[in-house]
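Going by the order they are written in, the chains are A, B, C and D; count residues from 1 in each one.
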Amino acid sequence: MTAVLEVNNLSKRFGGIVAVDNVSFTVNDGDILGIIGPNGSGKSTLFNCVLGQLLPSEGSVRIDGQESTGMRPCDLNRLGVSRTFQLLQVFPQLSVRDNLILAGQEHQGSMASRLFGRPDAGLGDAADQMIEFFRLTHLSDEQAGMLSYGQQKLLDAAMAFMAGPRLVLLDEPAGGVNLTMLGLLRERLQAYHAERKATFVVIEDQMEFVMALCTRVLVLAEGKIIAEGAPEEVRRNPAVIEAYLGH
Amino acid sequence: MLRTGFLVSLVAASIGLAGTAHAQQKTVYMPAILELSGAGAVSGTNFRDGMLMAIDEINKAGGILGHKIETPVLDTQSDAGTSRAQLQKVLDNNPYVVFGPVFSGSVLVTQLMTMKAEIPEIVGGEAAAITQKNASYVFRTSFGQQFSMPKIANYIHDSIKAKSVAVVWVNNDFGKGGRDNFTKEMKDRGINVAADISTEVGQADFSADVVKLKGANADAVFVYLNEEESARFLKEAKKQGIKAPLIGETTLLGQKVIDLAGGAAEGVQGHVGLTVDAPIKAVQDFAAKFKARYNYVCDHNGIKGYTGVYFVKYVTEKIGKFDGKAFAEKAHGITITPQEEPGILMEAKWDKNGDIDRESFLGEVVDGKQKIVKTLPMLSKK
Amino acid sequence: MASFIQLMVSGLATGAIYALIAIGFTLLWQTSQTINFAQGEFVMLPAFFVLAAMNMGAPYWLAALIGIALSVVILGVLFKAVIVDPMIRHGVLPLVITTIALSLFLKESVKDFYSSQAQPFPALVAPRDLHFLGAVVSLQSIVVLAVAVATVIGLHLLLNKTRLGRCMQATAQNPTVARILGIPVGRMVLYTFLINGALVAIASLLISPIYLAKFTNGEALGMAAFIAAIIGGFNQVRGAILGGIILGVLDNLSAAYLSSSYRGAFPLVILIAVILFRPQGLLGRVEERAV
Amino acid sequence: MKRFGPLSVAVAAAAAIGLPFLLKPFGVYLISMWAVLTIAAIGLNLTLGYAGQVSMAQGAFVGIGAYTVALLTAAGWPFFPAFILGGALCFVIGWLLGYPALRVQHHYLAFVTLAFNTLVFLVLRNEEWLTRGSYGIAGTDRPSLFGLSTDNARVFYFLCLAILILLSAATWWMLRSPWGRAFVALRENPIRALSLGLDTRRYTLMAFALGSTLGGLAGGLYAPLVQFIEPGSFSLNLSFNLLLMVIVGGSGRFFGPFVGALIAVLLPEWMRVAEGYYLIIYAMLVMVLMVFCPSGVIGLFEKAMKPKKPPAAPAAAAIKAEATPQ
């Protein structure tokens, strides 16, 4: 079985600062990998390198065995790599439904077919299903900017799933979300995972969320991997405790 | 729905209102479209002020054929498209004649329309092309460049006896037209154009241009710029010690430039077409009246506006009616002398193309004043 | 060679004027994200304040002070309170439109209420020319250069060596953090508008004797100031002076040695090149971008 | 579209068709100019309002289109091929002008496009062999359509109107296709758009190219409308004016350019009663409009149409107090 995501000896330096230091790991089909670590440990930089937003200084990234280092985010996305953002990143002036259609429309046809084809790019039904899956049906025609923070987080996740991705990278999905909404979000992510056998990588600070959701956890500190394993194992790892308390 | 309806009605109202009624008793509608804003604002306001002064005088004295002149002044924003719009607006109200515009481009776009409508257009433009388009209803109020440039050329050839000449010009339609006519005349006379220097409207720093001039080492320098630029150029030329005679056409020798250049204009010479400094009492009286009324010294555009109105008055009184077609017929080939019509200031003759012929002058700046050294006769009297 | 020096010296003097105008432009941008399309008209206007005061009988020095004061109040305080403050939260574009309208308003007002004619303007110094390595330079240009450099040094000292200046810089770099640090951000922004008001008045006093006071003066000046500010670095006061001088010298050299009818094009080409390849400007720092 | 309702659109359409029969030639010229400028403003609204790419060069594209048509028809080409070619040329140049937008945004992009506009002006003025320089080109003929001459002002207006309707329908079609959604995404959050598979480069260039094409097509009508073009007509001023139309009308709103162009064409005309001071008043009105409704006239309507929350008590009292006669 090939790994969905393979990161080999990846490093990223900004001037003299090493943000990510020789990191390697793999994510297998159906995994939910959590990446945790104290602030400034290089989680987001690692994410951005994997996703093509930053060019790694060294090392390589492979998606399904295919070399993807340095690919543009839009090309990566069309390979089936999808993501959410730490800060809210929906399109506030588009309706919820349009946000979702947008998230899928670039995955089919050509520029020309998108211009001359159907306005909803044939994604209307899929969008409605996704809206229902994330319990947003009553808000379908609402402008995304009018939604509550938690609802926008749900929408953000829904958008990441819209194109039926092979791999989804979730950047702090739980950040700033209230408890009720958090439960719903986790429950929906798990449901999606169970239903579609999707592969997730999650960056998260909130331990409970990670422990409940992830099948495997990877701990970063100062740009290096200091621990890796099942959630319970990692929680007991003295190096991890040290890293968190040391800060 | 209501709002759109409201908007539409506003639009309709505004366009409907655009032409206010002019059909009051005993007035004649002679609108003006002029460059009151934009690049031509100085020319346009001068023309307007001269024109309005003449109109006030005539109206005070009872008008033309007993009709008071009604002259709304519309702004073209120095833009051809807007000129066309404004002309269309006044044409809709059946004017007798139209004054302006001054910018050649705007004249070119409007003269085709006035010709179609058979309405005389008294313009301030100087580009040669204006009267070369068979637009039989356009009348100039000053020399076209095809007449003024030969006079300059003769002067450079006969008096200065230059073998080579440099030309500094402002790169707009006015300057370009002058430069093209000038270089053609130079070529005809076998004079070499050693440097051909284009400058920008509103240019402040002429050091590069003067450096180039010095490098060209020509026997004479012909300067064809607007007033402020002329003054700035003269200052820089003096600073860098240009020795060759500086020759100008009308603007360069104007009192305005002399004042602005503050001493740097000393010794400048050239041809003066229309000037408030002409050695003619009527012109000087006009200049004084103008200064008293508007508190600034009028340039040649002011004279254009002023004499343009008297030109219309004279021709109209000759034909005895307000009829544009008859006006055009009568005006082609007419000669007006100050004895017959004092407001014309100087004897003037209009030919079949609408080109004007007047006396003009050769002058020189001496002791901060323009001094006329020679009067050039009218072309038709040679 | 003499002519080359001549071009450099003249370009330097013109560039200093551009720099002076560009500095204020840069300051406004830094502290309030205001792209002031009326900056050129701001320089045109104070000369008329001075002329109006002199027409009422004030001596030159008093008229100049009145001009600077009026400029600080009208182009500084009023401009900020009436136009920038209500608009700034609506983004850059409505404000751009407003300043374009403002420039039309100022231009037309001067034309209609003062005069459409260029006005001679009293010089700060006697019209004397100095000879220098075969080049001639007017005393006036030297004064312009000196004042511009002195202003920039003064401003630099103010911004970097005083508490007030550091507060202003903090405000420019990150208003949120500045506010947390207890800096009265609103007042700091106001100060930059006051400084701009004073700078344009000084520029006006310096250049009007050379340019003559005319309502259209702002058109070319405003554009030159933009270009200077961007070439030098939009977020650097020092950059503005470098940009201004490059522009002045470049303009002269290209007009003399390349093409006079395309002289306007060279600064624009440089501008585009700088924006594309070094958008922070020659002396600017890279602005942090939030992803 | 939804907000305005088909009824108001119908009323506007009826007015657009009926007005020329009620107006004098000046009025017809004015609404023809409105139609032409609206086309250019729709283009800018596409680039700026929908796709969020600041362009201050729309006037240059109007110029390129106008010169293409004027020069080609003078050389004997029929109008429509020249018109289409002008648009195509602007598509290509607009596409190229989009490249800087891939590197810089916002004010930097504004200055790049502004510089481009002035460069185009300089080329139009200096390359006399091609453009006849500052003399301009006079007398571009009005086209004839299936043997029907449009020399008549009213007929020409209907040609302009027909092209306006055609182009705005096409724009509307495009805006409701996935492209329209992509353009808005580009404006609102290019980074997120990129992560959703949007080739933001291609859409950015396309936004510039399409907006510029509309500018060029507007220019193609401008030349036979005014029948005189010169480089000065397409300087920064025109770009500023078009920008003003888009912002004042309501940027990123479909009907914004229609209203904006109407205001820009008519407001100075209304103000002319103030004679010499009309531009001062016009400038003041624009400033006031921007201060009080920065989202433009359409934005103001939208605000007015939204069900209002009951005003807070003091405000209500104040309104009452004002309404009561003294």
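Keep in mind that, in the parts below, contacts are C-beta pairs under 8 Å (C-beta built on N, C-alpha and C of every residue); 3 or more make two chains touch, one makes a residue touch a chain.
Owing to the predicted nature of the structure, the values given are computational and were not obtained by experimental measurement.
Peer 1: Quickly list, by label, the chains bordering both chain C and chain D.
Peer 2: The shared contacts of chain C and chain D, listed by label, come to B.
Peer 1: Of the pairs A-D and B-D, which shows more C-beta pairs in contact?
Peer 2: Higher contact count goes to B-D.
Peer 1: By mean C-alpha position, what chain is farthest away from chain C?
Peer 2: The chain farthest from chain C, judged by C-alpha centres, is A.
Peer 1: For chain A versus chain D, what separation do you get between their C-alpha means, in angstrom?
Peer 2: 41
Peer 1: If you average the CA atoms of chain B and of chain C, how many Å lie between those two points?
Peer 2: 35
Peer 1: Taking each chain's centre as the mean position of its Cα atoms, how many Å separate chain A from chain B?
Peer 2: The computed centroid separation for chain A versus chain B comes out at 72 Å.
Peer 1: Specify, in ascending order, the residues of chain D that touch 2 or more different other chains.
Peer 2: Counting only residues that touch two or more other chains, chain D contributes 125-126, 191, 276, 279.
Peer 1: Touching at least two other chains at once: which residues of chain A meet that condition?
Peer 2: Residues 53 of chain A each touch two or more of the other chains.
Peer 1: Got the chain C residues that touch at least 2 other chains?
Peer 2: Those would be 108, 261, 264, 291.
Peer 1: Go ahead and list every pair of chains that touch.
Peer 2: A-D, B-C, B-D, C-D
Peer 1: Give every residue of chain C touching chain D within the complex, in rising order.
Peer 2: 29, 35, 82-83, 86-87, 90-98, 100-102, 104-105, 108-109, 112, 223, 226, 230, 234, 261-262, 264-265, 268-269, 271-272, 275-276, 279, 291
Peer 1: Chain D touches which residues of chain B in the complex?
Peer 2: So the residues of chain B in touch with chain D come to 1, 3-5, 7-8, 10-12, 14-16, 18-19, 36-39, 73-75, 77-81, 84-85, 88-89, 91-92, 104-105, 108-109, 112, 127, 129, 133, 171-173, 176-177.
Peer 1: Going by the contact rule at the top, pick out the chain B residues touching chain C in the complex.
Peer 2: 37, 39, 41-42, 45, 171, 197-200, 202-205, 207-209, 211-212, 214-215, 227-228, 231-232, 239-241, 256, 259-260, 262-263, 296
Peer 1: State the interface residues of chain C toward chain B in the complex, per the touch definition above.
Peer 2: Counting only chain C, the residues touching chain B are 3, 6-7, 10-11, 14, 108, 111, 115-118, 120, 127, 129, 136, 138, 207, 210-212, 214-217, 219-220, 248, 251-253, 255-256, 260-261, 263-264.
Peer 1: What residues of chain D sit close enough to touch chain A in their complex?
Peer 2: The touching residues are 174, 176-179, 181-182, 184-185, 188-189, 191-200, 202, 206, 252.
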